Each structure stands twice: as C-alpha cells, then as structure tokens.
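Look for subunit A in each of the two complexes below; its partner is subunit B in the first and subunit C in the second.
On to the complex of A and B.
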C-alpha cells in the first residue's frame, strides 16, 4: 500500500498491507526514483526491513523493528522510533541508522562503514567483528561487545558488560561508564586530545557532553598477533 | 532454532483464555521451527490424592487395555478421550515415584507416550503446526493459570511426538528449550548413574530430569537454575514451569533470544518481539525487557516477580 497522508507530504508504506519482500522492493524502487523520504508504518517487530537498500533515501520506522534491519544497506538514513531486534545494521556499508530505543544482540555486526547510533542500551556482542563503521551507544552494552573487531570505532557512553573487546584485531573502543572486564588481548591506552574531539563530534549531537564522563580508551594489545608458547593460557581462554 | 513461549495470567480474565493466547503467541514463531508443536498448560488441579496422566500414541494402540492396566495398578477415577490417540487419565497415587510408574506403563505398551503427570499440568504435543495441534486438542478452549509452548526445529534428534517439547519429569514440572546442550552425553551418563531413565535422545530431556533431581534433593528452583548454568554447556534459553512458578534461564553467551513482556495482569515470555503483538490485549506501554547473558528470572504464578530478582542494568 502506498499513500500520501494529508498531514504530511512524506510517502508511507504500511507493513500491515505488505509482505517483507514487497516492502523492500517498494523501498528500493523509491530510493532509485530519488524520493527523499519515506515512513514505515506498523513495523510490529518485522524482520529484514530495509535490507540492501542503496542511495540517500531517509526512512523513518514508526515503531519497534525485528532482526537485521538496515543490513547490507549502502547510503540510506534510517531512524527507528522504537527498539530493534538482533543484528541491526549487520554488514552496513554506508549511511546512518538511529535507534531511539534499545538494540538487541549483535548491533552493527560486521559493519564496514557508516554509523549506527543507539540512544538506549545495546545487548550482547554489540559491534561484533566491526569492520570500519562507527557504533555509538548512549546507554550500556552487554556481554562481549566488539568481539573480534577488525576496524572502526565503538563508543559506549554508559557501562560495558564482561569481556569487552575480546580478541579484537584493530579499531578503538571508548567507554564512558563502568568497565566490567576486558577480553583477551584488549588493553587500556591513553586517551588523546584528538580522541576527545572525536567523542565531542559523535556525542554532542545526541545531547551528551563527553567531558561529563570519564572516558577510557581500549585498543588491541597485539600480544596475540603471533603465537608464543608462554601465552598458552591466553589462547586457551580466548574462544 | 526453535520458538519458545511462556505465559502467566494473574487475573481470571487472562486465565480464561490462556490456552488460546499461548497458541496466538507461538504460531508466529513457527518460522523458527516448523516441525512439531507442544503446549503445557497448568489447568484446574485434581484432588491431592490424585494424579492426572496425559497419554498419547498411535490410534491403533489398544487404548482400552491401557485403561485396564491402569485400573489394575491404581484406582482409575476418570478416563477421557481428548482426541484420536490422546487420552487423559485421573488416577489414585501409585506406590512408585512418577517417573518409575510412567516407565512401567511405557514398558507395558511400547509406542505409548506419557507427556506429563501431575495434579495440574497437561502437556499436548505432536508433529505438525500449532493450528493443527489447536484444532485436534482444542487448546483455545482450555483455561490455565500459566503455561509453556514450543515450536520445534529438530537439530540433534529425530522428529516425532516423543522428541517434541515440552519435556517433563516427576510431577507438574515442564520445560521448553531453544538451543543445543553440548555436554549432553556427559549429563546423560551422570543422570543415568543416579537412576534416571531417559526416554528419548533429545538433549532437552536432560534439562527436565536434571531440574527434577535438583528439586527432589531439596534445592529451590532458583538454586537449581543457578547450578544448571554451571553444569550445562551450550546455547540455551530455557523456560521452566512448576505448579507455583515460571522461570527463565539464558546461557552465559546469550546465544538464544528471549523477550519478556510484563503487565500487572499478565507475563509473557517469547523468543521474538513480533509474536507478542499478536496478543489480543497487546499493550505498547507494557514493560518490555531482554534478559541478559546468564540471567535467571523467576515469577510466582500468583504474585509475580519479586523485586530482589530485578534485572541487571545491562539488560535491554
């Protein structure tokens, strides 16, 4: 169903009237046409919405969404006026995804580029295998965030759960609240002036002054890049 | 993958339609597991000196002989045909523990399955869809205080009624499980050394028997679940029900999903959020939480969740 509500000129697509495949095909067609913005009504936790969407279209999802929302997308701006299920923005190539509520497990998993912002909390494995995107969480993150992260940036304004940055290769993590525990080969390093500038850039737009928190910076220690027999216990504990 | 759901009604209105609501919540989860469906309902309890036995099997089974066998062992108070190949017996309490009695009955009638025994628990399960199960055993017409539901995608064992969830052990104890138990064989041997007879090759069956053993040893359900987190490897979100409680436990990696919907008149736990929107009374303003890794939540079916077990701040 495609209609133009009287109160606004923004096009809307109603999930109640469309299968996921129809919805994504309509979205893709609208993006190709160069339509600037579209609203998605009645999402009701639907999975796989706006997957593989390319181009600069702005999509507002009016409610909570299911798994893989915005996955593989390249260029769109997504705003979710609710919470999201697992694997939000998985393998995102470019563009921005903003979640007003919470994001469940694996937010921004393997994301190559662009930015994912969660104004609430994020579940386990946020930023798992992050490959270059920026993930900003204003609340807390759960267990094993940034597991095997390869590049990019994870900013956690709140607390981080256990095993943060386990087996990360590269990239950087910033934590503004309590740090429960670091995973294998993750270490704290000195936070620089340019880091503070980055934090200002990323957090001030969402109404948070990074200087109100005592941010710590976590990077890869590089101790596990090459196997050393004396590190057996570290390898044993890494999974 | 499997889909799981649990539900408590705190008011007579919510309890009147609990069977129907469980079907409404589990059916949209069939995408997570379409091969079998099962529901465990805690319905009106029989007298303290009686047990309810749920019996399932092939239509060709000599059902009158099953009733005769029961009557030779215990007083047979009631014998109802629920549907073809599904019977409910109300019996006097036998001279043996529930699992030994169930085992003896199974030995006497190969092909007979006894999904549950207890004062209030009734488990209905079979290969096929939720709507098919509902049509066959009329779940929508069954009021209950609380219950569990499961839609299965078999990963480790065969697809048949015996291997479908919920699993039960002892009396009035039921579990549904989404995930895999990776130290299944060790647990199986440990349980067998303590006299447990496992009826299937489904890894989830060990959960029911493990918890029954812990409860028999005198541990609380909360303590038993804390010990389960230490003893069970693998991935799991497990829902457990007894006649007084409904509980959830999530593995240490939070590998399998769960969403909890809480209202003063109702608690619903389900694998995914979207199935909750199918509740006729769905309220967008209800408390919605995702339990954290290694989190245990326990609700009393009369008074809800005690404040002492409130969520950790990392939960979303």
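On to the complex of A and C.
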C-alpha cells in the first residue's frame, strides 16, 4: 500500500538525525527558498511535524506521524505514507494533506481551508469545529464527527459512528455507508445533482465512484440557533 | 402595610422568589453578564502592616519604587517586558464593541502594558492600537489564524475563565452582527454557544504537545500563557507547568463575563484570594516560583488589590471588568436606557443583551457612538496609572523599592476566613487559621 516516491533525487530530511525544532526550521527555510519538494524520513510517530508551514512546498512523509502534523499550515501539500496521530491538519488555512493510512482523533479540527484526505479510517471527532476546509475520508469515521462544525464539507465514503454532525452550525456532510445516528440539530436533506458532481470531484481521484454508494447528505436543521423554552428536551437530552 | 410587619424568608428571599418565577415563565435558565454577585472572602479582608519602627518606609515622592514586570522568561526568546504589573484581560470583540477594544489597546500601550484578544479573533484595529497584544487560543478557535498568531506578542491558551470554569462561551444573537459572524464563521444572529473543550486536545499530556505545536509555529519566540478558571488550582497549576507553560493566568470566581448562565457565576469556582495562594504554593512545590510567572485576575479593582495580590506572590494582575467601568460601564448617564433594560446605573449587568447604554458591550452603531474612544482611552490609562501609584505607595510604605518585593509577611487578615485562605495571621494575633494552634 505504501508507494515509494520515484523522485529519489528529492531533498530529504531524516527525523532520526533532527530534533522537531531543527526539522521544522529546515522545512520553513526550504519553503522560503522555494524548494519544490522534500521527503521526510523515519518520522516514527514524531509530533508537530510541518507545523505552521507556509507556501506551496510538497512534503512526503515516509511513515507514520504523531500529533498535529501540518497543523496551522497555509499552502503546502503533504503526503503521509502511513497513518497519523491526533489533530492532523488542525487549523489548516490552505493546501492539501493526504494520509494513505488512518487518521486518529480530531482530523482537520477547526480547519479553515484547504483539503485533508484520509484514505483509511478516521477516529472520533473528525472535522470537529470545521470552519471551511474539506475533509474526505474514504473509510469509516468514529463518533461525533463534525461536532460543532461551522462551515466546509465532510465526505465520509464509509460508515459514520454515533452523533454525526452534533450541534453543527453550518456546512455539509455526506455519508456513503451506514449512519449510526445523527447528533442534536443535524438532519438529512435531499442530495442534489451538484452534490453528486462534488462527490465525483472529491472521490474519483482516489478510485472511488460515489455512485457505487448510497450517499446521504446531512446539514444543520437550525433548531438550536436560538435558546427557546420549547427546545428544552433537545438541550437536556443532547448527547 | 408597615415595613416592620413584613417578614422575609432567608431561604425564599425576594431574589429567590423572583428567580423561581422567572424560570417558571421562561422555561430556561437565566443568562447574564458582569460576574459573581455573591459576597466572597476577598483581598479587602487583608490589610498591610506598613513600616513604623521595625521597618523603614521609602519616601513617597522621592525614592524609586520599581514596577517593571517581565512575563514569559521560561522558554520564550522574547518575554513580554511591561512597565507595570497590571495587564488588560481577554475580552472579545463581539462581547465588546470595536471602539471599546481599541480604547483598551491604546490605554494599555500608554501605560506600557499588554492587552488581550478574546473569543472572536484578532481585530486589526486592536492589533494596531496595542503595543503588546496577547492572542488567545480558545476552545472555539473563532477566527484563529496562523497569520495573526505571527503578529502576537504572546499566546494565551484558555482552559477556563473564573466566571465559568468548565463552561463554554455564549454570545447571544443580538450581538452576532454581520462583522462578528464573519470573523467567527457563524450564521448572522445566531445564539452562539462556544465549546468548553478544545477541538484538538483533551488532557494535560495533549496540552504539552499543543504547546509545542504553538511554539513551533511561532519559532519559540513568544511566551505561552495557560489561563485557568480557579477550581482545583493546585493540580491545575502543576499540570499546566508540567505541560510547558511560561506563564499561568489564574482567574478567580469574581472574574467577569459578557454572558454566562447566572448559576455558573455564583456557584462555581473559588475566589481570587485563595486561588493566588494555592497557585503560589503549587509553583513553590515544583521549584518554579519566579521561573513560571503568575498573573491573577478576578475582581481586581484598586491599587490595594494589586499590592495584596503581589504580596501574596503574583507577578502581575489582569483587569477586565474594572477597565470597562473606568471607561464608563455603569456610569449614571443615559439613565433612561438603563431603565428600559429594567436596571439602573451601578446595578447594570446586561452586557448579554447587546444594549449597553454606554456603548461598550454592544455592536449597535448608535450605542457605540456614545463611547468617545479618545476619552475612553484617557480614562482607562488614568485608572491604570492610579492603580500603579496606589500599589507603589503601599509598597514604599512597606519599605519596598520594587512592588514585586511586597511579601506575605506584610499582610494580616481581618477575618478568620481570609486568614485561613491567605495563610497570614489574624490581625492582632499570631494565629494563622488552620495552621498553628491558638
């Protein structure tokens, strides 16, 4: 499943030889110099790699990575040839992060822009507080995905765990597999032709034809937009 | 009926009866602004033992009493160097008007201190007005951006606030106008409920990694504060220090808010007085006193409060509500507008309505126009300077050439509670309540 990049001439940084501080300093310097691509070797679950990286640099991480990979980044293209720890691409502003394995909890938390793609499964709270980015999960997601989502798009090609879209404000969620349960104020709505086009654009590049799944679209019902006495049971019994 | 014939239940007081009947009519809890109403043991319950024959005072107008304060010396390459031990606390643009935020920034800059953003991102005008700006990283992450992070002089990770530790922020729809909604990525007019947990970390072990992330994103240049609402202070301070905080900001239960369930404000957390003492003891336990700085907030109003907080071991205090009061909150002007809100000057706590009669806690352009930003700036700066001079005069009278040299030994307590909480003797005795026998 792990592709070895063909460009062996690409500059590489070895985590075994560098502290996180040194690694990120080197990455930032290379991005500033306009170096197009870098490989990161022996990541061994290192936390905080490629944090706050700006510019169009392409970074291939040859293994699994720890927390906050690509967090607070703005513009780079990251590819992780393994799995990722918590909060992959948190607060991402722009750019793309591709994980070939699984992503742990809180993938793309509060991400404002850009795209995070998980070819495997994603853990709990994927897309929590999402603020405009697109999160695509080819596999399944665990509980409370898109909790308090504010804007953007979450596409789950597989199954979604309990309380999907709980307390979301805005944005849209697509689920191609089984939906365990919706969270407070999330509701199903009709899927349109333009939604199908979006799904094709987002999924076909990863070898998945959305028409092979029975996608549902979830949005915010807006019933919790204002504190009202009649909503008492919703607030009291909310998950 | 003659007043003396009326009996009042101490359980079902007029206020309790009104609260029950309000809940019965509305079918929901009450949300209000301002902060705790109840009386709690506070810094007022301590007094200074100034110099007489056993200590020599410094001359008030001639001898120097240093006020310089440095925050964030542990890991940051650029600690915050402030002229005074008083900072302006985090209050959001959204809760406050743009002009109020600008006035706070300008006033803080005039006295050489920092101000703080809030739950709604960094306002460009606020950044411009503030020589030193602390950028809050809150659970909601509204408007949080790496570009603004790079403009910040320090980062404050907010775990909780004194008015509602364990609770998330609220901003009722009347304040969520187009600009506020845009900055927070919310639908206009929504009753905004912020999360109480951060989206990307949960416990103290995660926090350690989160702090490293923010340091990496800012190249280890600027300090990282961790703000806690005062509850289990000893453990929380130790965990925050272990997670790598440069500065602990501790907000006692008297701390203010623009909108919170009233049940939170009067029934949650511990007062600022015992909170300071627990935090200082926790830092001492870890041998971190002086290395990790302590900023305390929650109900600080006077130079005496400032001096007492420093004497108990804080490195600085932070003021929120008091700075708003300085610029005109609860001032007896536009009295008819207070009346429309069902309140009166000196009693108003209606920040949550967005109908602030003096144009501070509002997004309404007509009300905002009532706040003269130049005058507000001058008033806040005057007020902060007064606090500094008061604290200096107390420090000099205690014989101290630096306000940070004030110490616990300079204080005694007027009440049993304050003695127990501050660990200083009850006035006129050698007795520290709870520590040594009578």
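Note that in this section the second predicted complex is superposed on the first by the 231 of 239 C-alpha atoms of A that agree within 3 Å, B and C clash if a C-alpha of one lies under 4 Å from a C-alpha of the other, contacts with A are read in each partner's own complex, and residues count from 1 in each chain.
Following the convention adopted for this analysis, contacts are C-beta pairs under 8 Å (C-beta built on N, C-alpha and C of every residue); 3 or more make two chains touch, one makes a residue touch a chain.
If you're wondering where the values come from, they're calculated on a predicted model, not measured in any experiment.
Q: Is A:14 touching anything from subunit B or subunit C once the two structures are fitted on A? First, second, both or neither.
A: So A:14 meets neither subunit B nor subunit C here.
Q: Tell me which partner touches more residues of subunit A in the superposed arrangement, subunit B or subunit C.
A: Subunit A has more residues touched by C than by the other partner.
Q: So, A:161: does it touch subunit B (first), subunit C (second), both, or neither?
A: First partner only.
Q: Quick check for you: in the superposed arrangement, does A:103 touch first (subunit B), second (subunit C), both or neither?
A: It touches subunit B, and subunit C stays clear.
Q: Taking the superposition on A as described, I'd like to know which of subunit B and subunit C A:132 touches: first, second, both or neither.
A: A:132 sits against subunit C, while subunit B stays out of touch.
Q: Regarding the shared-chain residue A:86, is it in contact with subunit B (first), subunit C (second), both, or neither?
A: Both: A:86 reaches subunit B and subunit C.
Q: On the A-aligned overlay, A:122 touches which partner chain: subunit B = first, subunit C = second, or both, or neither?
A: It touches subunit B, and subunit C stays clear.
Q: Answer with first, second, both or neither: which of subunit B and subunit C does A:44 touch in the superposed model?
A: So A:44 only meets subunit B here.
Q: Is A:200 touching the first partner subunit B, the second partner subunit C, both, or neither of them?
A: A:200 sits against neither subunit B nor subunit C.
Q: Touching subunit B in one complex and subunit C in the other: list those residues of subunit A.
A: Touching subunit B in the first complex and subunit C in the second, residues 47, 66-67, 86, 125 of subunit A appear in both lists.
Q: Which positions of subunit B touch subunit A when the two form their complex?
A: My answer: residues 252-254, 257, 272-277, 288, 290, 292-293, 313-316.
Q: Flag every residue of subunit A that touches subunit B in the complex, lowest number first.
A: Listed in rising order, the residues are 44-47, 64, 66-67, 83, 85-86, 102-105, 120-125, 139-144, 159, 161-162.
Q: Quick check on the complex: what are the subunit C residues that touch subunit A?
A: So the residues of subunit C touching subunit A come out as 26-28, 31, 140-141, 144-147, 149, 172-173, 184-187, 189-191, 193, 195, 199-201, 206, 209-210, 212-214, 216-220.
Q: State the interface residues of subunit A toward subunit C in the complex, per the touch definition above.
A: For subunit A paired with subunit C, touching residues are 20-21, 24-25, 47-48, 51-52, 54, 66-68, 71-74, 86-87, 90-91, 93, 106, 109-110, 112, 125, 128-129, 131-132, 147-148, 150-151, 167, 169-170, 222, 225-230, 232.
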